[in-house]
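Alright, structures below, take your time with them.
Next, two complexes with subunit A in common: one pairs it with subunit B, the other with subunit C.
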Partner chain A sequence: ISDKMLDLPLEKQDLFRVSELFTVKDLFDARVHLGHKKGCRHRLMEPYLYDSSLDYDIIDLDKTAEDLRRALDKTAHTAYGGGIILFISRRRQFCHLVENTAKQCGEYAHTRYWQGGLFTNAHIQYGPGVRLPDLVVFLSTLNNVFQQHVAIRDARKMNIPTVGVVDSNCNPSLITYPVPGNDDTPVAMELYCRLFKTVINRAKNKRKQMELLHSLSEPSEPSS
Partner chain B sequence: MAANCARVVCSLFGKSVNFASSTRPVTLQFCRQICGTPALRRKNLGPTVPETFTAEFIQKQVEEFEIGKRHLANMMGEDPENFTQEDIDRSIAYLFPSGLFEKRARPLMKHPVEIFPKQRAVQWGPDGRPFHFLFYTGKQAYYSLMHDLYGRVLKVEKHQDQLRAKGLFPTEPKQIALGPSRWLTKEEMEALLVEPISRQDYEHFIQLMERLLAMPCCSLEQQFVMSHRQQLEAQSMHQVVPPLQKDDAGVDFSTAEGRRKSSRGSVVVRDCGAGRLTVNGQDHLHYFPVLQDREQLMFPLQFCGLLGRFDLDCSVSGGGRSSQAGALRLAISRALLSFLSQSEGEAMRQAGLLTPDPRVRERKKPGQEGARRKFTWKKR
Partner chain C sequence: MAALCKLRFGCRSAFRFSSSVSVRTSFSSDSEDGTRAGAGFAAAFQRQAELQREAENSAPDQSGSIPGQEQTFASLFQAVPVRDKVVVGNIFHVVRDDLYIDFGGKFHCVCRRPAAGGERLQRGSRVRLKVLDPELTARFLGAKTDTTLLEAQAVLLGPLEEREAQGRVQKQD
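Showing the complex of A and B:
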């Protein structure tokens, strides 16, 4: 049963209707296109930037929309398959918001000081037989000293796919599904949290529906 | 070379023992370990993981404790059904008398829940998904407490904003009733959360709590704040007041005891109105010829302004004149409590009349002439 249930999202294109969740206009209203100044710009973010006006970088929202759809799709697929999703953000302003988001969709969050071996030394940190997250979502890739968050490198080492909101001063190279966008404004953060929460809840509901369907149709089929 | 000598010595002893073992068994105490398993040779065992007790182990210990309790009750000839923890302690003290000074080193029999430290059960379900949403931080209990606390701070701020918008913001903020209490210490927090906390984490927690208390409308979260505070008991609440009795003639009297150094004194204070003092059958002037001792006796009465009102009947034994006087002074102060009000009694306590003097004779130490005096130091 589980094989059929897992194959279903791969057969259909955009099973979770991710493209209907937001438009480029919504991104613009949430000020996702605002980047940092030219001096803070990361070299590898240049392909994602549209222009810079008065030295303030502007992120290309078409690319953002496409990347965001891809990232939300990946999140939905992970949640549908019963995977563990971990939200990471080291911004103190949004710590409470991110933790609430994680609580409301039944996933996990880490918005505090990152201890050294949480992924790489997991069996000592947590206990033997722990299960690591299947997807890590970075709502801000930098830590409080404007360096790249250690978890990006650690997740890459442990072969965990990452989704990350990269601002114009971040390094998108190690992240599997980078989403260029603003991570400083409260409106933008609330938008991201809302989108991820909706997508995860949709995926989980879909999963429950499928399980119900299969358990109802099972008595009619002979068990192989 | 030394090893060879040891081997030879060992073999000699070995031979002697073998010869002797035919008559009686003798333990080889002098033989050093020359050969053995690598496990025995390894001394530095490395960092040990704190012992974790499984749920089945604790369950088994609880069953054994219950059975042992019933056996103990039978041994002592008491009812196994109504055998309380105090009975257990009494029986163990009777069966295994121990003269050890350290109370924690004496034999004890308590419920396993009190003996084994509280541990956390496995944090995740059969599918591997952890139960708590902050599991991956490593310190889930502490961080969820901080999250909860910050949520409450935001709620109070929102409430304040609503009041301000309506124009009902209180100019005189209602003070939160903390009472005589203090914040829980780090150890108490660790026991509450069943998780180790670092000093910085504890300080952050206290800072956030203080920030919550600094807000005008913090009385909304009264219950939450009080659950993290420890009540301090005022000292005066512990004072046991001797009961006021009436004798056959209708005169009020009360009895109390007092101790000082090795003197034991007891006094009966009667509300006659005579002002007479009898000590061990004699008049106080005969028993205490020195003025200082009589002053000590009179001081409690003089402090309360009741000099001529009471009749004192004292008996004292042990110690010297000064310690007997001190013992009687404490006894008189305690007996007077039943004639006085709460506030006067509190005044007596603050004057130090009700505090037993803890000073006793310090023992002489070996290598010294007395308790403190050392032998005369000679340069050569």
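Showing the complex of A and C:
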């Protein structure tokens, strides 16, 4: 039963209808395209910018829209398969928002100081047989001193896929599904949180639906 | 003057001829279709429904297709945040004398409450600002990138008055 259920999202193109959730206009209204100043720019973010000669970086929303759809799709697939999702953000301004988002979709969040071996030394720090997250979502990839968050490197070491909102001063190279976008404005953060929450809930509901369908059709299978 | 009068008369005659055209049927139907009530109104309603359906069919095509979206971002994005721009902001947080004001840019700005008329400015008030710098950054010695304060700098010009809100449209930058 579980094989058929897990193959279903791979057969259809956009099973969770992620492309309907937002438009480029929504991203524009939430100020997702605004980046930092030219002097703060990270060299590897240049392909994602609209025009590199401007004083203030503007992120190209067409690329953002495509990357965001891919990231939401990956999140949905992970949630559908019963995976654990961990939200990480070290921005104090949005720590409450991120924790509430995680609570509302039944997943986990870590918005405090990241101790050294949380992923790499998990079995000693937490106890034997700890289950690590199957997907880590970074709503801001930098920590409080504007350096790359340690968890990005650690998740890569532990083979955990990562989704991350990268602003124009972040390094997108180690993140599996980078989403170029603004991570400083409250409107933009609320948009991301709302999108991830909707997608995860949708995926979980779909999973419950599939389980019900399969449990109902099971008695008929031995006869055929 | 004479040309304007001629245009108006021309429009009115056009309305009379095309009594079945959607929005204008409301007033022409009152005067004309009193006698032929059923036929005129029914035809007008059908025509309007068809026009609405055509409008609905054409609208999703523009927003749904990918080429439409590419044009959309380039057309949506007009201007980069510039220095020395006068904008209207909205106060979203107050800490005694400090007002945290959001003016639609990437960051908010923090301004001191003005001595005159300061009590009127509370959470939710709209104010006029002159944005000096949309993002406060500086490159220090020995640093690879700029250090940013994650804040904008603006001068508070005063609360937004009603008559100024109407005049704002014609105001220059």
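Assume the second predicted complex is superposed on the first by the 219 of 224 C-alpha atoms of A that agree within 3 Å, B and C clash if a C-alpha of one lies under 4 Å from a C-alpha of the other, contacts with A are read in each partner's own complex, and residues count from 1 in each chain.
Here is the rule we go by: a residue touches a chain if its C-beta (ideal position, glycine included) is under 8 Å from a C-beta of that chain, and two chains touch if they have at least 3 such contacts.
These numbers were taken from a predicted model, which means no experiment stands behind them.
Asks: Tell me which touches more residues of subunit A here: subunit C or subunit B.
Replies: Touching more of subunit A: C.
Asks: Identify the partner contact of A:Q115: answer first if only subunit B is touched, second if only subunit C is, both if each is, neither if none is.
Replies: first
Asks: Could you look at A:D184 and tell me whether it touches subunit B, subunit C, both or neither (first, second, both, neither)?
Replies: So A:D184 only meets subunit C here.
Asks: Could you pull out which subunit A residues touch subunit B in their complex?
Replies: Spelled out, the residues of subunit A in touch with subunit B are 82, 84, 86, 96, 99, 102-103, 106-110, 112, 115, 118, 125-127, 130-131, 133.
Asks: Okay, in this complex, where on subunit A does subunit C touch?
Replies: 23-25, 28, 31, 33-37, 39-42, 50, 54-56, 58, 60-62, 65, 146, 169, 182, 184-185
Asks: Can you list the residues on subunit C that touch subunit A in the complex?
Replies: Of all residues in subunit C, those touching subunit A are 63, 69-70, 72-73, 76-77, 80-81, 104-107, 134-135, 137, 139, 145-148, 150.
Asks: Residues of subunit B touching subunit A in their complex?
Replies: Interface residues on subunit B, with respect to subunit A: 122-124, 127-130, 133-139, 143, 147, 150-151, 154.
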